[in-house]
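Take a look at the structures listed below.
Common to both upcoming complexes is chain A, partnered first by chain B, then by chain C.
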Partner chain A sequence: MFSYYLKLAFKSIKRNPILSLLMVTAIALGIGASMTTITVNYLMSADPIPQKSHQLFYVQVDSWDPHNAFSDDSDDNNPPPTQLTWTDATNLMSAKKANKQTAMAKSGGIIEPKGLDSKPFEASIRLTFADFFSMFDVPFLYGSGWDQQSDDKRDLVVVLSKNINDKVFGGENSIGKDFVMAGKNFRVVGVMNNWQPVPKFYDIQNGAFDEPEEVYMPFYLKEELELPNWGNTNCWKSPEGEGFKAFLRSECINFQMWVELPDLKAKADYLAFLDNYVAEQKSLGRFPRPLNNRLSDVMTWLDEQKVVEQDARLMLWLSFMFLLVCLLNTIGLLLAKFTGKAAEIGLRRAVGATKAELFKQHIIEAGCIGLLGGIAGLGLAVLGLQGIKSLYGDYVNNLSSLDGTMVVVALLLAVVSSVLAGVYPTWRACNIAPASQLKSQ
Partner chain B sequence: MLKMTDVKKVFRTDLVETHALRDFNLHVKEGDFVAVTGPSGSGKTTFLNIAGLLETFDGGRFELDGQDVSDLNDKQRSQLRNQKIGFIFQSFNLIPDLNLFDNVDVPLRYRGFNAAERKKRIEHSLDMVGLAQRMKHLPSQLSGGQQQRVAIARALAGEPRFLLADEPTGNLDTQMANSVMDLLKEINANGTTIIMVTHDAALAKQAKRNIYVLDGKVSEVGKSATANHAHLAAVQ
Partner chain C sequence: MSKTTAINWEVGPIFRALLRNKVGAVLIAIQIAVTMTIIVNSVFIIVERDQQMQRVSGLDEDNTFYLSSLGFGQNFNAKVSIQDDLNMLRNLPGVVDAMQINAIPISGGGWSMGLQTKPGAEYDGVGTAVYMVDQNVLNTLDVELIAGEKFTPTDIRWREPAQGDWPDKIIITKALATSLFPDDEWQTAVGKTVYINDIEPMTIGGIIDQLQAPWIGWDKVENVMLSPEQMDQDSTRYIIRTEPGRRDDLMPQIEELLANSNKNRIIKGMRSLQETRERSYRSHTALIKILSTIMVILTIVTALGIVGMATFSVNQRKKQIGTRRALGASQGAIVRYFMVENLIISTVGVVVGAMLTLGLNIILVNVFNLDKIDWYYIPIGMVVLWLVGLIAVFAPAKKAANIPPALATRTV
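Coming up: the complex of A and B.
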């Protein structure tokens, strides 16, 4: 009977093309608006590294002003600073107390490609440690990351993003080749494949939805080459003295740190280590605030820092309200449509259709209208996402594409909501007294 | 076959109680062709709706094919309609966007027949009414008389025990009405019991048996319609 009801549904849709078009449009508008905001929220709140997000922890220690707590986006009224000082980042890295660990910072420099026609250009740098690549499951096209010795010896080695390798080396295997950046000659040890975690969880302080950096090099080269600070830098007191070295010694925060801890015990041990570290620093006259260290796994960290903006959530609810209004309209239109079919319903009842059979027939018709509305709504969602791109530019590029899951969600949402919208009109239709309709056609 | 004993039907609104049928008694035997006449508002259609299980009744007893139908639920009534009763209406009640084949298919779909069985029955019943060549036509492409023939084919396809016809020729000219009437007589001759409500005395005369309904009661029952002519003439 299902295929029979499908056939009847499409005949009925064709019978009242304008009424059907109005219903499909109403559902399409609701689905289009909802899917646009759902997609943005879904991509914003997705787990960027699901296979190990519960083993990766962001490190925070409270080195802030004794008189004023740090202020960030979280609801916490006494949060520790969201980044580390150079001193703490390097100390914690030297201790090597976690399975894997990486401090990091954002920087940038000028690349000087070889070849007469190529012009120098600026690119972003992630200063980090060897563990970065294995901790975050970075995919490689050629080669791999550097080893820990290169970290300690401050070797001039780089890992390039695919884009930069395409731009500087024409996409060929550049392992072992020279690469000039910030006036220094580096050796390429790895070329990453496309890698774009959304959100860019490892450094949400500098744009949670930004592109990953273009060049990766050992962290200590920051000091060696006096590479500039890119991204957020906050200080609760001025550096003591002038110059780059004074900044590194200061209480200014510009560095992030992640550790990989396999289980709860490892986490507890690392937290105890942090507490001991802070106690030791207190004895040296630092860390004037009460003990306030944190280890947050990826999703907790993204949640606390409100990576999904409040206004994005508000838009989501508003778009659901809009969908509801569209569905209420659809209910009205379905009532009109099914009332127009009273004579047919009366006839079907007379020749033996049970109420259950008629209910199935009409709910399938509502579902078909929903499916058509869903398909049209997907088109509108694509337009909506394009609109968001054109409004906000590259910033939202990573947030405005529909993937397979979203397509399925859109169609399901459309069908389920129109079936729900169809319940009352269908129930009314099934309860039409057949005798009242058969005389009046 | 169809036996109504003291059947009552009351339509109630906040202000008025209308007794559509009062102590309605009728016994229709297998193979009968009964014409039901009576003035407008006399209860003919209410009787037909109750006989066709399209409406419930408020008192009395109604047996259809030996089965007491008083306590059947909606689903059981639907199944009984589907299996035992064929309907023919004044305005044909064909579904406009289904072709003849699909229109005749409607009751068979609810019967649970497989596709081959349905096809066989549809072709046979359309053949019986002389429209086998026009199966793919839409109702709007046919004359009124042809449309009523399709409705008859639809009623026959399920091989019902009863045909209930409500003014089956009311929308047709005399020639078409006679042709439809001839078809009904042929169907009756083949063994199907027919109950036909009509205003048309000439048609009623052609039935095997006439009953005259007045004020919700069977006021006269006769083998011939002649006696009722005087009544009809007086009322009209």
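Coming up: the complex of A and C.
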């Protein structure tokens, strides 16, 4: 029966081409607009590291100004600073109280490639610890990260992104080769494969949807090579004394820290350790604010920092309202269409079709219109995402591709909403009294 | 009684007829209401964004660009390089003026500090953007000194890397003067002392008319302080103002001149201020375009919905229309019937729409911190949606009027 009803549905769709086209277009527009905004929101709020996002925690301690909270955020009346000072980052790292831990910072420097014809160029650096690579499941093309001894010995070792390896070494295996950056001679120990967590959760203070850094090196080289602060630096108090070292040891925040904790007990222990640490620092005259330490797992942290752009959420709401209008439109048109078929329905009822059968038949018809609308809507969503790309530029490159899940969501949304839209008109159509219709024939 | 020529609008009968087919009418009314809600709020958001984009930065944007110079290696001497570069740039034909600067207005990245009128950590500061500039600042940035004195070459000092203290004399914008001394006339700020880093005093030497901070989304975007200093850093930024029309040919020329004058550096990040404005306001431009598109499509969808429903109801009532025509109703009366019917539906729609519009605006105010909508948007929106409905229903109504009276007799 199903295939027969499908055939009837397509016949009926073809019989009123303009009305059908109107309905399919309305659904397609609604689905296209909604899917465009859903995709952008879905990618913005995606879990970038689903296999362990519950075990990775962002560390915050409140080292801020006694007179003012870090920010006057309306949702959170006493937020601790979003980053750490050098002093706290290095102290917490040396304590090694978590299973795995990494403090980090963004910096940059000039790469001088070998060979006379290649020009020096500037690249971004992530200063980090050996654990970074295993904590965040960084994929490697060649070699691996450095080991923990290199962290403490401040070895001149680097891990390169695939792009930089392509640019400097022509894409070949460069493990063990020399690499000149910031005036120093480094040894390459690893080359990453393509890696683009979306959002770039490990450092959202410096652009939640930015590209990952190009070169990775041990954290303490910041001090050794006096590498500059890139990205967000906030101070509530000016450094005591002049020069790089004084600035590093000031109360200015520029460092992020993540710890990996397997379970709730480990989390509670680490929080207790943080509280102890702050109490100890208070006795040294630091941390003038009340105790306010936080450990946030990946999704909590992204949510708290409002990684999803307001404009994106606004568009999502408006596009759902848009879909609503399109569906109201479809209900009206379906109603018109099915009422127009009253004579036919009356005839079918008279020759023995049950109400349930008629209901099935017309719901299938509504579903077919929805499916057609959904397919056309997917096409429009692809166009819409292209449009978003051209309007917003590089920033949304990682936020504007449809994946399998989104295609399924789009088709489901289209079919479900058009079937829902079809329920009332179908119900009305099925309740036509056969006699009244046959009379006027 | 004299013969009345007044048209009978037949509102009563039309309304009673409507009640017999409620669902179709209600659907159209809701559609109109939701459409109005989206359109009016969208227009409001568009106008708000557009007003933000109309604010002026204070610079000669059409003829200004900037670039970064990154020195490297042991032989690079920042101070010498900066002086050589500025000499070269300022003497280049077509260049109005040039200067080293730490941050670029409306670019998104910069340095901010707090200034307070009393010394001590217990007092709150007023936030301000900081531009480190030299004596050529007024000409390079195209800003006007409206009180006090400009910087002289002797005011300018070198700021060493990671140096923490501040010069004795600064110039501020009129907006900053007003937010520092809200109770006084802005002119009186000249000569007053303000404190940076809680206790370090600085004298306000002069006031400029207007200059924007690097952050366009900041509510105090006009709060700017000029600090007379050059930065002794290997990585530095120059801002260059050209004569009108010369920017585009000077940009590549200057990039090459600087790159060739010293092999121990890289020139990068060259960008015109016009491009910076486009990039900074890109999300505004994008939102405006997207909302405009949605509004147009939505209006078309709703109008087509009205056309579809009207056509359907005309088809359904062919016999009745024929009968009315046969009984003497004019074509005009038939057109009028459908127009009035639509007007009743639209009126219900726009009244509900007005309430929904306000409701959505309240949500937007709470969730997205938008402003409250101005009242006059709502009546304008109502009239527009009314007109859309009347235009949409006109063609089907005309079609109905052309139904021949004979039709009434045909199927009996």
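Methods note: the second predicted complex is superposed on the first by the 431 of 441 C-alpha atoms of A that agree within 3 Å, B and C clash if a C-alpha of one lies under 4 Å from a C-alpha of the other, contacts with A are read in each partner's own complex, and residues count from 1 in each chain.
Throughout what follows, contacts are C-beta pairs under 8 Å (C-beta built on N, C-alpha and C of every residue); 3 or more make two chains touch, one makes a residue touch a chain.
Please read these numbers as outputs of a predicted model, since none were measured by experiment.
Taken together through their common chain A, the two structures put chain B and chain C side by side without a clash. Judged by the touch definition given at the top, the superposed model places A:Arg349 against chain B, while chain C stays out of reach. Using the contact criterion defined above for the overlaid structures, shared-chain residue A:Tyr4 touches chain B, although it does not reach chain C.
Our angle of interest has its tip at the CA centre of chain A and reaches the CA centres of chain B and chain C; in the overlay it is 90°, to the nearest 10. In the superposed pair of complexes, A:Gly243 makes contact with chain C only, with no contact to chain B. More residues of chain A lie in contact with C than with the other chain of the pair chain B and chain C.
Superposition on chain A leaves chain B and chain C with their closest Cα atoms 11 Å from each other. Counting contacts as defined above, chain A residues 440 meet chain B in one complex and chain C in the other.
Across the complex, chain A meets chain B through its residues 1, 4, 11-12, 14-15, 343-344, 346-357, 433-435, 438-441.
Interface of chain B with chain A (complex): residues 45, 49, 52, 54-55, 74-75, 78-79, 81-83, 87, 89-93, 95-98, 106-107, 109-111, 154, 158, 166. Listing the residues of chain C that touch chain A in their complex gives 23-24, 27-28, 30-31, 34-35, 37-38, 41-42, 45, 70, 72-74, 121-122, 124, 160-164, 197, 235, 266, 268, 279, 282-283, 285-287, 289-291, 294, 297-298, 301-302, 304-305, 308-309, 311-313, 315-316, 364, 367-369, 411.
Chain A meets chain C in the complex at residues 19, 22, 26, 29, 33, 66-68, 110, 112, 119-122, 183, 228, 237-239, 241-244, 246-247, 309-311, 313-315, 318-319, 321-322, 324-326, 328-329, 331-333, 335-337, 339-340, 387-388, 391-393, 395, 424, 428, 440.
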